[in-house]
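Chain nomenclature is as follows: A, B, C, D, E and F, assigned in order of appearance, with residue numbering initiated at 1 for each chain independently.
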Amino acid sequence: MDGILALAAGNLLSPIILFFALGLLASFARSDLSIPEAIAKGMSIYLLVSIGFKGGVSVSDHGIDSTLLLSLLAGLILSFTIPLIAFALLRTMTRLDVTDAAAVAAHYGSISIVTFVAATSVIGSAGLSSEGYMVAVAAVMEAPAILSALWLIARYGKTGPEMEEGLMREILLNGSIVLLVGSFLIGWITGAEGMDKIAPFIVAPFQGVLCLFLLDMGLVAGRGLREARSVLTPGVFLFGVIMPPIGASLGLVAGLLLGLSTGGVVLFMTLCASASYIAVPAAMRVALPEANPSVYLTLSLGVTFPFNLTLGIPLYLAVASLVTGA
Amino acid sequence: MDGILALAAGNLLSPIILFFALGLLASFARSDLSIPEAIAKGMSIYLLVSIGFKGGVSVSDHGIDSTLLLSLLAGLILSFTIPLIAFALLRTMTRLDVTDAAAVAAHYGSISIVTFVAATSVIGSAGLSSEGYMVAVAAVMEAPAILSALWLIARYGKTGPEMEEGLMREILLNGSIVLLVGSFLIGWITGAEGMDKIAPFIVAPFQGVLCLFLLDMGLVAGRGLREARSVLTPGVFLFGVIMPPIGASLGLVAGLLLGLSTGGVVLFMTLCASASYIAVPAAMRVALPEANPSVYLTLSLGVTFPFNLTLGIPLYLAVASLVTGA
Amino acid sequence: MDGILALAAGNLLSPIILFFALGLLASFARSDLSIPEAIAKGMSIYLLVSIGFKGGVSVSDHGIDSTLLLSLLAGLILSFTIPLIAFALLRTMTRLDVTDAAAVAAHYGSISIVTFVAATSVIGSAGLSSEGYMVAVAAVMEAPAILSALWLIARYGKTGPEMEEGLMREILLNGSIVLLVGSFLIGWITGAEGMDKIAPFIVAPFQGVLCLFLLDMGLVAGRGLREARSVLTPGVFLFGVIMPPIGASLGLVAGLLLGLSTGGVVLFMTLCASASYIAVPAAMRVALPEANPSVYLTLSLGVTFPFNLTLGIPLYLAVASLVTGA
Amino acid sequence: MQTHKAKRVEITIEAVMETRLTNALIKAGVTGFTILPVLGGSGRSGQWSREGQVSRAGGMVSVVCIIRPDRLDGLLDAAFAVVERHIGVVTVTDCEVLRAERF
Amino acid sequence: MQTHKAKRVEITIEAVMETRLTNALIKAGVTGFTILPVLGGSGRSGQWSREGQVSRAGGMVSVVCIIRPDRLDGLLDAAFAVVERHIGVVTVTDCEVLRAERF
Amino acid sequence: MQTHKAKRVEITIEAVMETRLTNALIKAGVTGFTILPVLGGSGRSGQWSREGQVSRAGGMVSVVCIIRPDRLDGLLDAAFAVVERHIGVVTVTDCEVLRAERF
């Protein structure tokens, strides 16, 4: 337990978290500091390629676990299910209408890849490793939640969602899924030999790029919080910190049933606990234009993301260690 | 021969090619994946500086070969000549008019620096090295082909090309030539000592950046192919895969006459086989605005570039090895 | 002395300087070479984070020197004072009016972080080290000079400066100060452990990125010189090369009084000798819109920056070594 | 120099809707448009900026169509069908063009 | 399709003044504007370009407001107070808008 | 607020022709213009986008000139000479400007 507390404290003082805090503070203080959009996108592409590729290489090293397919299935089911829980909770805890509640719910069924990366970092520091294919699980969990949200609207809403032909393909083929899955496959195919060639680019600078990316996320989250304070009613805020542990519990159960390693369980918990802020918001703007973006973006990026980054991940690690006896 | 086949297969499954394929597929599937223009340009600058600098350092290490000047001269002559062959072939094989045929021809006399880099990679994997000044040969071959195209138009076309004063300076001083030559000279001047300082930036991440750049080229090539399918008549397509080996044969003869190393011969073949997609298209838009850009861009980036990347380079390596007995 | 001359010569042929020269030449020759704005900004962010972080780690390694606070104070005072000297000189040597003279003066009281980095590089090559907190001194010296300039206008000018409420906060919280100070603190907090994690990003590629950044500065400086030749009267130009040694002398005295290491003295001299080209120009556009930007930008970026880079820094190193007997 | 009357339609719309809008325009027979980037803005749904953003949500583009006056109504109908449920601004300005045969 | 008369005001101003201008507009009751990036330009104070720049000095943005004709004067007064001592260009064009209730 | 009649000329032209156009404008006595970036577009020569591009070919920019009405013809002649053989669009709109002495 002491080790865990030390880890949690160490986590809070890691460069990653401190750069996020710097961005948040700079934004609150209305500094003109900003990262160009192209650079932010470039870093995001780099991070996706890097973790996809590393996951693929790891699978190529260790072979496919018999649980790979089951894990993908579990991820799929959880991504479909979590929005339903989130929706029920939101309708109880907050005054959000059906549209806003469904839109928020979609975000929590989907995942945040940066939170996933931060968790990988933390379990690494704790000397644990994890199944390489968790990256594929992450990819699989990106989109289904969107469908659940649309179903919720169709079921409980007044006006239906805008279900045009193109939308489903657009969701499944959005840039982050393609990059993650594509790099995963390339890593799998090229294996250790491919890794040797590009490790100085893909592995070595990773933590540093992550710091800059989190600086940017802090800046963007801070701007969002500053401008959307009004939507953060106590109920909404509370949801943002209660939902992650709920999701994590589901991930814990799934991870244990699947027999994942302790590290793998932590990652599964983190995936379930995290909320999307890239793919789902874009899908919501197309399918649910009436939903208020400041609500879901502020919750996801301004509340749940920092919660997971600072308290959530160490908590999930502590619980998973306790339960698996690692 | 077996070794060559294995190399060709290995080449097809290298990260570089797979990332290009990923871009192509993503684009065909109409994914919204895209690389910001600024990032693509930044990577292109990085690659040019890196290969220029490495070439210069290599020349500073090994001293100037007596064949340096002769190689430059050979490059110059080939860049002037190849468009004439390409033009004749195009007028025979396709229905392109004089303007379009001349514009396409200019691209094949010039070079693609990324194809050159990929070839460097392949000969490296085969345990061969090459003359550092091949980078300078590449730079020398960028522009002359443009003049040949303009001469073809003036000779065979109805309306002349737009030969304003500024154009020639603009072509010779275009960004990629300046970067390539400038970095080459800086590498030459600063030598091994300069290399020590910047190797972690210039050398280590090179292959990784190249992967991302090829992802981008796949995306752009795919978009081009999708939108310009109609211009790709069988004749035009055939030209795109027949012209590279023809160019490569000329490069082979030149390389042998010059007495280059096997690796050097492969690079010379690759330069002659490759087609420009940066400098020449821009020059064509100025000087031959009537030429249809989808024809030359689709051919160069959508047909010849992937051909060289996948089949061409291993073929040139096989032939050069056979002939030089390496 | 011989060693110093060799160092100066070596400095002139270092990749950094040569890339700056390449940019300058490309720009004079009107090449279309350019670095996208987003990439230039990205590199600038990278450099600021890197030097801030390294400074912080160094302070965490060596503990706080008792002279830290005194050095900050000295920096503050010098940044306030130098503009007054610069202003007097400008009014004597040139025909600039009060507004232009005050605006230029502000630039010389502030600092150029890239000049600082180049000096760090040079003292490193000379086998010297320096106090890590010099980065904090640099941050402290960014803004005060702006206030001095506004005071000069209020005192000697016809129309007062535009002193709105927001301006002071904007100046103190401008992006480069926030990044520099923030990364310094993060480096301090996370220390060697944090450094281990991100060194492959923060340290290894630093010199290479610096080369590209100087290429960009050469391009921008060259464009400025080309377009603003007319403002560079002999008096103005002379000021641009005389003011740096004057500032450096003040820095020398301060550094000696503070008892800094030889390397630290060189850095202090460089800070005093260098002129801002990022934060101060922006502040001047807000507060002194009547001042002619081509005067201060051309002087700072086109004259003083290259002077310090090529001759100034080796000179300051020679003098500091002589005086401290290193 | 000979100029001809035309309409300049400018549609500022969310980036995620760009392809939907341009597809609708093409379907409605619009043969030319130009897409301008937008850095930020403000409206009833608050202030926004592209700085540091990685998601395509929360960004807009501006689609400019120059069109013969008699084709305006078709264009507006097509555009409106896409914009209807979404935030965005549609303006129409009178203008003159060179080379009318192009429109 | 039903359109309504409005004014399109375009203010090209230095990037460092952007927030000051938009704050002044908001204060003057302007409820919507869109900010377009500007690559470069030329004027009495010379030619400039954003290429390779890292400072916010020496760059401009274009702020576009669509506004009901009766609110134009308030907007222009507010804008002019900010622009007055600074370089920049203010133009006003007549236009028609869809969905007038938005303005 | 006192405004003055002016013309707003917007020339959308290939990026490779930008300097040629602005040089021609300056030669024709045009003293001010602003260059806007363009992300993509569509016309008779097909659809294009700047995304991921590294070549300057296949990209456009938009050059905006505000000009006194009596100088319009000179500007259009100069612009047309450059645009003539190239793809691109030239539009002219009536507008009002503040600070007429600047034009």
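Everything that follows uses one rule, which is that contacts are C-beta pairs under 8 Å (C-beta built on N, C-alpha and C of every residue); 3 or more make two chains touch, one makes a residue touch a chain.
Quick caveat: nothing in here was measured; it's all calculated off a predicted structure.
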item	value
Contact-graph distance - origin chain C, target chain F	2
Chain separated most widely from chain A, comparing mean CA positions	F
Chain pair showing more contacts of the two, A-D and A-B	A-B
Relative to chain E, chain with the most remote C-alpha centre	B
Euclidean distance of C-alpha centroids - chain A vs chain E, Å	38
Rounded Å distance, chain D centre to chain E centre (Cα mean)	18
Separation of chain C from chain E, taking each centre as the mean of its C-alpha atoms, in whole Å	34
Where chain D touches two or more other chains at once, by residue number	36-37, 56, 93-94
Interface hub residues of chain A, defined as touching at least two other chains	32, 34-39, 41-42, 200, 204-205
Listing of all chain pairs that touch each other, if any do	A-B, A-C, A-D, B-C, B-F, C-E, D-E, D-F, E-F
Chain A partner contacts - residues on chain D that touch it in the complex	14, 16-17, 19-20, 45-47, 49-58, 85-87
Chain B - residues contacting chain A, complex	13-15, 18-19, 22, 25-26, 29-39, 42, 200, 204-209, 211-212, 215
For the chain D and chain E complex, residues of the former touching the latter	12, 36-44, 60, 62, 73, 76-77, 80, 83, 89-94
Of chain E, residues touching chain D in the complex	1, 3, 6, 8, 22, 26, 31-37, 61, 66, 93-99, 102
Touching residues on chain B, where the partner in the complex is chain F	34-37, 40-41, 44, 162, 164, 166, 216, 219-220, 223, 227-228, 277-279, 281-282, 284-286, 289-290, 292-294, 297
